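Going in written order, the chains are labelled A, B and C, and every chain counts its residues from 1.
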Amino acid sequence: MKLKSLSHHFLKVAALALATATATAQDKLPTAQVNTTGLAVTDDTVTVGQLHSATGTMAISETGSIQAEQLAIDQINAAGGVLGRQIKVIKEDGASDWPTFAEKAKKLLVSDKVGTVFGCWTSASRKAVLPVFEKENGMLYYPTFYEGLEQSKNVIYTGQEATQQIIAGLDWIAKEKKAKTFYLIGSDYIWPRTSMKIARKHIENVLKGTVVGEEFYALGSTSFGSLINKIKLKKPDVIYAAVVGGSNVSFYKQLAAAGINASKQTLLTISVTEDEVLGIGGENLAGFYSAMKYFQSLDNPNNVEFVKAFKAKYGKDSVIGDVTQAGYLGPWLWKAAVEKAKSFDIDKIVEASPGLELTTAPEGYVKLHPNHHLWSKLRIGQWQKDGQAKVLYESELIEPDPFPKGYQ
Amino acid sequence: MPLLFRTLFKTRGEALAFGGFLLLLLVVLPLALPVFRLNLVGKYLTFGFVAIGLVLLWGRCGILSLGQGVFFGLGGYCMAMFLKLEASDPVTTAIQSTPGIPDFMDWNQITKLPMYWEPFKSLPFTIFAIFVVPAVIAFIIGWALFRRRVGGVYFAIITQSIALIFSLGIDGNQGYTGGRNGITDLRTLCGWDIRSENAQYILYFLCVVLLFTVALGAKYIINTRLGRVLVAIRDREDRVRFSGYDVAMIRAFIFAFAAMLSGIGGALFVLQVGFMSPSIVGIIPSIEMVIFTAVGGRLSVLGAILGCLIVNFGKTTFSEAYPDLWLYLMGGTFIAVVMFFPNGLAGLLEKIPTSKGKYAALFARFKKTTPVVTTKTTPISDEN
Amino acid sequence: MGEYTSEELQSIFIMQGFSGLSLFSVLLLMGLGLALIFGQMGVINMAHGEFMALGAYTVYFCSHLTETYAPTFGPYYFVAAIGLAFVVCAALGALVEWLMIRHLYHRPLDTLLATWGLSLILQQSYRSIFGAREVTPTLPEWLMGSYNVKEGLDIPINGMFVLGLSIVVTIALITFMYRSAFGLRLRATVQNRKMSAAVGINTGKVDRLAFALGCGIAGIAGAAFTTIGSTGPDSGSRYIVDAFLVVVSGGTASLLGCLASAFGIAQAQSILEFFLEGTKGKVATLLVIVIALMIRPQGLFPSKVRGN
């Protein structure tokens, strides 16, 4: 094939993905055939939208996703684009403000007629744009691990829903550490609250353990002194944490300062990725565990290529967290769906999506479930001083179940 | 009627400006803009209600509230509760463990609609609540503070703390308020799809008409005796008190009135945007609403509305083109307005056609900078 | 609490007392600079949090330099960085006063708004210079960890450090205010500006120095907070409401009031957070303060010369 003659290392990844798709630049389909609903598709280009917070409080978290999506799009373009069309990106800034997200989503779909949108990070921003996507029949690839309880025709969730992230992780820690008592701590919004609800049900009903405390702190809280004293009093086997944003840093620094470290206390978190470690500092986390589907240190050929390409583009100091990797999957999944459907039409993409497989994903093999979530593995990583995780455990592929029976 | 006209408009120019602006909003924009952009204008205009309240409260009466977002939020949440209940009929929510209650309640294991949600099944009650709830809460807060002669910076900080408490309270009671996500996915108003293009046109016109009704009402207050008392309170509170006026009561009243206007704005916001979230009731949006007012002109009703339009339009376009520059520009504009044009855009525009004498007088007042801390003497001209 | 031994409860009691104390020192450091500026000019500096962030970024910058060029200096750089944070913030404060604040003294409410505009600009500059991500300086080993008094009783070293620092800053400030010639001029200006000017005090200069000093203290506070939290472009805004409330509850021109209200608020929050969970503790604290202010708006230690 034509692609094999190209030797640039970026393209190897792309070429692998293309193996599943038959349409390349050689047999290009006419625009009228691939675009029957008036999207921004020409003979040579297709326009997509990217909707994240470049400013405001969430910019910290969303930067990684923006970068990964851009990287994937560049790689796809270098490999010949989608159905022979180069991807053009319109970037919009949601500014960490949910009404702005809704406004920009509408602009992308109504004024710009984009083929798809990669974007959103927080649950709140997704909830704000969801009605817009459903009404205007747009497509959204959403990268963050999230609380589940949602399934939309117009959204592909490339991160894990809550049960995928929680249940296997709790099983592991209960087995490895013989843990019986758990202290649940989270930031005060829907994702930690739903996650803790599922965790509590699993601990109480399946693991037959006890939850000795469950607390939620406002986003941005920086004083955890009283909480830490309560932890010391209750002496749980495991601290189970879903603290996010700036609070994270204060929480772990203060834990470390209060003498709670990995030698005395087991801590499992579902909210710390390599991105967060950058702010918290590896020395404050060393020995604690994270449950994620992806760690930058994963040792497989796909990931080695991905990390290399990412660092080549964004500098050697850049790190890749779970959500960043999930963001990277979005453009590839969309491309695969478009090429399977041989059309940019939203309805045809939706029809083609279930069952799509991606063998080139940095996290390994993923498969798209009819409920628009991905089958994925769960990994437990133990944080090291250098800010990377040592992967200790890897589950089988877990079926996504956004509406888990018995956990509601 | 001519008497009323003269009460409302002091000069013909003013009446013309008012009419021209109304024409722009009612005819020119709907013809020129696609419905998506028009809907955005409608959203900006909902902040105009808050801004008009701030003109009365801050520009005229000298009370700076940094908590207007709370009242905007109260009105908005009342409306959102009604719409959410309508969107949560047992059929569409059949997938839930408890069908028939709002989705976020179901996610939080609430199995029964809380008592205080019940009345919001009725539209008349909801409309009543939109007007009354913000006003009553504002009156209680205002009365408690003004009676003890709290004003100036203190009042600003206390209202700001209230905005923080309110947004934290919403965050912390996710099962009853929708938490940080807010109340989303609102679809219909008594069976009428508020997301359709048709509805968005109608809601836009409703918003403009209501806004101008409120604007006329505010002008009426400004140009009658109450308006003059307000200015007197701002400039020489003690003299007004000695003259026998109940200063605390008047302040509390105007605070409640401004809160009611904010509540109306909030309700219209929800209708046009389709959701309500605590991110528009907290500290930062509350300050932003003050900015709109300051940029447009804190003394002028029309200016304040203009300020809302211009700042928000700038925000949308600039943040589309240069997201990084936007905050510099916004911060810089705001400093410039506060330092050099305390009357805002309206102050600038009003001065252009008038005689040189007045212009000079303005400058003379502006230069009269005594470094003594005498708080209330704002070097702002009082003519409308 | 029957299931715990009395020894455990005792340890918790001590640690809880300490966590209240360290919150107190945090609030005090935040409030002092603000109180000085507020007391002096009746100006609420909305950019106070951004000056704190600037202090924190200064420490981060120093940490970065030390790591790159002089790793042996690692254990000691932190002390020097705090000093530098003070200087940097004070310098910027003086500049801001000269460009902006001095033109607005007769309009305190407008100062509040103008400084908010300033805070937007500062936040965006941090984002442009240091990036949107949170950063954390590499702290010297001696600051980390805890002092283990006995089994189950650990006192955080960074907490002790912040407490010590806030005591030093407070004593220095009080000495400066009540034992130095500048302090005398400052107090005179606050009491009667016209008379002070008439007897030859350069009130403009006094104002500038006071504002710079307040900003410098904010810088120290920000530097100290790198030991307990992270630094991001908008981390300043996280502290600002707490800082305002400390100052407002303390009463206007009184450093003593600031001390007392910081102590009261810290203990209230620490205790409420122990018995209530998370957000509810914070909301309860804020409600208590606001209701207290409604009942006693003049604060704990009202000054007699209120400009109202």
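In the analysis below, contacts are C-beta pairs under 8 Å (C-beta built on N, C-alpha and C of every residue); 3 or more make two chains touch, one makes a residue touch a chain.
Model, not experiment: these values are computed from the prediction.
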Contact-graph separation of chain B and chain C, given in steps at minimum: 1
Pair of chains joined by more contacts [C-beta pairs], A-B or A-C: A-C
Whole-Å gap separating chain B and chain C, where each centre is the average of the chain's CA atoms: 32
Distance from chain B to chain A - Cα centre to Cα centre, in angstrom: 38
For chain B, residues that touch 2 or more chains besides their own: 168, 171-172, 324, 327
For chain A, residues that touch 2 or more chains besides their own: 54-55, 188, 216, 218
Where chain C touches two or more other chains at once, by residue number: 124, 127, 278-279, 282
Partner chain A, residues of chain C touching it in the complex: 4, 8-9, 11-12, 15-16, 18-20, 22-23, 26, 124, 127, 131-136, 138, 144-146, 148, 152, 154, 156-159, 225, 227-230, 232-235, 238-239, 269-271, 273-274, 277-279, 281-282
Chain B-facing residues of chain C, complex: 38, 41-42, 44, 100, 103-110, 112-114, 116-121, 123-125, 127-128, 193-194, 203-204, 237, 241, 244-245, 248, 278-280, 282-283, 286-287, 289-290, 293-294, 297, 307-308
Residues of chain A that touch chain C when the two form their complex: 54-57, 59-60, 63, 188, 214-218, 220-223, 225-230, 232-233, 246, 248-250, 253-254, 256-259, 275, 278-281, 283-284
Chain B residues within the chain C interface of the complex: 62, 64, 141, 144-145, 148-154, 156-158, 160-162, 164-165, 168-169, 171-172, 283-284, 287, 290-291, 294, 324, 327-328, 330-335, 338-339, 342, 369-375, 377-379
Residue ranges of chain B in contact with chain A within the complex: 34, 36, 39-40, 43, 95, 97, 103-104, 106-109, 168, 171-172, 174, 179-182, 184-187, 195, 273-275, 277, 279-280, 316, 319-320, 323-324, 326-327
